[in-house]
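Below are two complexes that have chain A in common, paired first with chain B and then with chain C.
On to the complex of A and B.
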């Protein structure tokens, strides 16, 4: 760090060539220390009593038995509960599939509008991006909570929440992919006299489709995971059941539900990664 | 489904040398270059047919009165008007306090997740941990990632009760699943050079980790940590729904009481805080990764 380090004298080697000099120590090592200190300070602040996350170790010690009982219940799934979970599980899958399909239809044109290469109008592009940035900032369950109050309980608010959430993700990822793609073909189509619409339809869309399908697969996985809990706020699917067994403290039934979600998600992950390998 | 699906199987008597083979043979005789045989379209067609069937079945069977969709736009406009025409700003101080609580939950969850996930990801990386441990850890990461954090929170709250600590712990557990996976992938992705260099000068396993692996992966890890924090900020708002406190808790109760003017304010707070944290953390992440790249190209 000192000036002497940086301007180390070049010692002549045996053959008259300069011997290798160790590189200078990078400057600004205090920055790392300051970073760690800031992390520590914020962590201390989040733990501060009264304003942050209160850690009540005494309560944990008191509740430990209770928790241990629940863990034991979790380890003994109530298999007789299975028939009642089939319906909600199917509804969860239906919601995920429908939401993914609708999100795909909606986000195809929106992705083209949100990318610089396929939409030269800066204002329109900015508007689409701005709205979607706001849409993406709200978590899916909060959408579901508000939509349930708006349109009533059932699968509909759940699907709507998932669609909103998905469109935000798909449009962001696909439009970034469009902007990163090689522009040669687009320019060729434009040079051949195509209008923006023709250029997009004949060049950009075929080019983006593999990536687009890939993102839809990703979103389908997210949807299955999310729709299994949307029911906690009344939006249909597995979550309604989770809410019920939770309020009756039936952790043995909860454990069966967790196992089912686990199996569905892992199977879906395997299928979609196989599909992805074919796709890309 | 009446699509001309499979190319007809080769003529019955001699199934093995199909038409393509015959053409190739002729091509070889005349010296012309035969086009390659057309790839089978059977698999893609069957796949798209299956996808269409699944989607149609889902639409057809899902329990929705589609008639309700017709008045949805007017309903949405009505509720948006209720929420944002005259926001009740008197709830703002309490909303900010609860938001801080959510963010604190997210931060603590991130820090705890990092502390647990970092050593585990080293153990789970090929070439650093023992094979059985590696397999077990990867399975654990996959299982954790498959379970939504709200369910993890429901399990944890039996011990810690409905406190923000439950939320932080749930986020930490969930973070171990994602950070662990990203971590071992990053460790396996580094070049062999630094590791071999440390080995060549006689470094032990610990030395390899400290001087070969750690400097290589630190920028990527920093970026993962920040990204995980962004995820946790969103999730912490969601965890409030089961009553562990924070902005999500407040939002559900006001939604249940149908106090729309307050709900509007809460949504604005959530959006502004999330976008601000995303922007700050995204800028920091770009800085970290570009700094790493700039250092990498230096001779």
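On to the complex of A and C.
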């Protein structure tokens, strides 16, 4: 049986007609190739000696004994260290929860002000967005370092740093979600004579809440991770302890801390994904 | 002007507020030109009497959607004047415009409910113009506002769904909730922009019948955009035909012949111009 015999019953009425030909492919295929070439060139340049970051893979081989020692220590957690970690671990969790709550309260109105659909005032919207772009551009560890200098060592600068970091993320994601949402209900509330505040509260807020909770759960996870290192600059939580054991080369104790953070993050992830399923 | 508006309903009590005096509509040489250069309305003049049920008919792009939106100021007019209940919509801004919109209910093709909110919350949106902002912000609706919302839901047979999420309802039920939202405004006029275009035929007739009851039992002026000639003929008391932004027909709906519709559409009648039942 030839190929033509097979094709014939599948395409009745096609016999005798020329095979279909799509229109000419649009030009510009070179763009993809050029893109790849650019990525390769940039990578090569950054690795090049003299101008780049000078990656020396040989260092791994030369210092292998150093690395192996640390790994051996990390593989033997010092369980007796556990009682001393409980306090800092709880402080880390408290910082994360408090920061998430404060960030939630601050972000809800800011998200509505940052979205085109819920804030028609171009200037106010631009101002909110501009400030938040600046807020988002600064890394959380830098906030913590500056805030420790401003308000002193402890959990407070850590919480403030996390709040700034969270607000930047939540407002961006939630305001984008608002702008992507259908505007029909907003138009209806406007047609009923509502002020922008009334429109936002009665229609936009109920529809945005599930997504909003979702983003808050996400930053809660980020906060647990971030707050465990903020202590490196004196901003409370696990970080202070990490800094201490690291400077005494107690990699066995560091190992226990890493395990604890891992467990907390895994538990939190399980809880928040269960909460998400209920939300959405 | 908002003062006059408030004064007009200031004497209303909970007894007679459910049947407010319906409003007339007066349009004079209304032109709507969008920033992209499209002329949606090209010199429309119309007088709609209080308590009429006006079917506005035209193909999509004929300007009927723009026309209905000029009546509550959702679409600003380029020139001409629009008066609703004696109030100049074209000049109204801010508080005055909101007070005016509060007296005019609107129903949309895609229902435009807040899907995640409950049916009751959606109907209470109809009370925003009658409530201080702080009450809306706190969700602290007055007992009277709630009573009005229940009454509106009961009128469209959706009271038992008050606590359901709006998005969990069928299309016809959602449009009934949207009608209840408009009724909760205790409106002087109701604007309906293609209210049944997203519904199947039996449901469409049910929703149109609801609108007719709003018009007949409450005496509210109803302006309804339609593109199906049998619905326009059956439910309208008056027919206004729009083509390319101009009024090409204005007369009683019942005796508008197919010839009239062919005139409005500018082409012969097709099977899909009729809903059937």
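Just so we're on the same page, the second predicted complex is superposed on the first by the 249 of 280 C-alpha atoms of A that agree within 3 Å, B and C clash if a C-alpha of one lies under 4 Å from a C-alpha of the other, contacts with A are read in each partner's own complex, and residues count from 1 in each chain.
The working rule: a contact is a pair of C-beta atoms (placed from the backbone, for glycine too) under 8 Å apart; a residue touches a chain by one contact, two chains touch by 3 or more.
Model, not experiment: these values are computed from the prediction.
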Greater residue coverage of chain A in the superposed arrangement, chain B or chain C: B
Touched partner set for A:141, first chain B, second chain C, both or neither: first
Partner chain(s) touched by A:91 [first = chain B, second = chain C, both, neither]: first
Contacts of A:206 with chain B and chain C, given as first, second, both or neither: second
Chain B versus chain C as contact partner of A:198, first or second or both or neither: second
First (chain B), second (chain C), both or neither touched by A:190: second
Residue ranges of chain B touching chain A (in the complex, touch as defined): 47, 54-55, 58-59, 61-65, 68-69, 72, 75-76, 79, 100-101, 104-105, 107-108, 111, 142-143, 146-148, 150-151, 154-155, 158-161, 163-165, 167-168, 234-235, 237-238, 241-242, 248, 251-252, 255-256, 258, 263, 267, 270-271, 274-275, 278, 295
Contact set on chain A toward chain C in their complex: 182, 184-185, 187-195, 197-199, 201-204, 206-207, 209-210
Touching residues (chain side chain A, partner chain B) in the complex: 26, 39, 42-43, 45-47, 51-56, 59-60, 63-64, 66-67, 69-71, 74, 91, 93-95, 97-98, 101, 133-134, 137-142, 145-146, 149-152, 154-156, 159-160, 225-226, 228-229, 232-233, 236, 242, 246, 251, 254, 258, 261-262, 265-266, 269, 275
Sites on chain C touched by chain A in the complex: 72, 74, 97-106, 108, 110-117, 121, 124-126, 128-129, 131, 133, 136-137, 139, 178, 181-182, 185
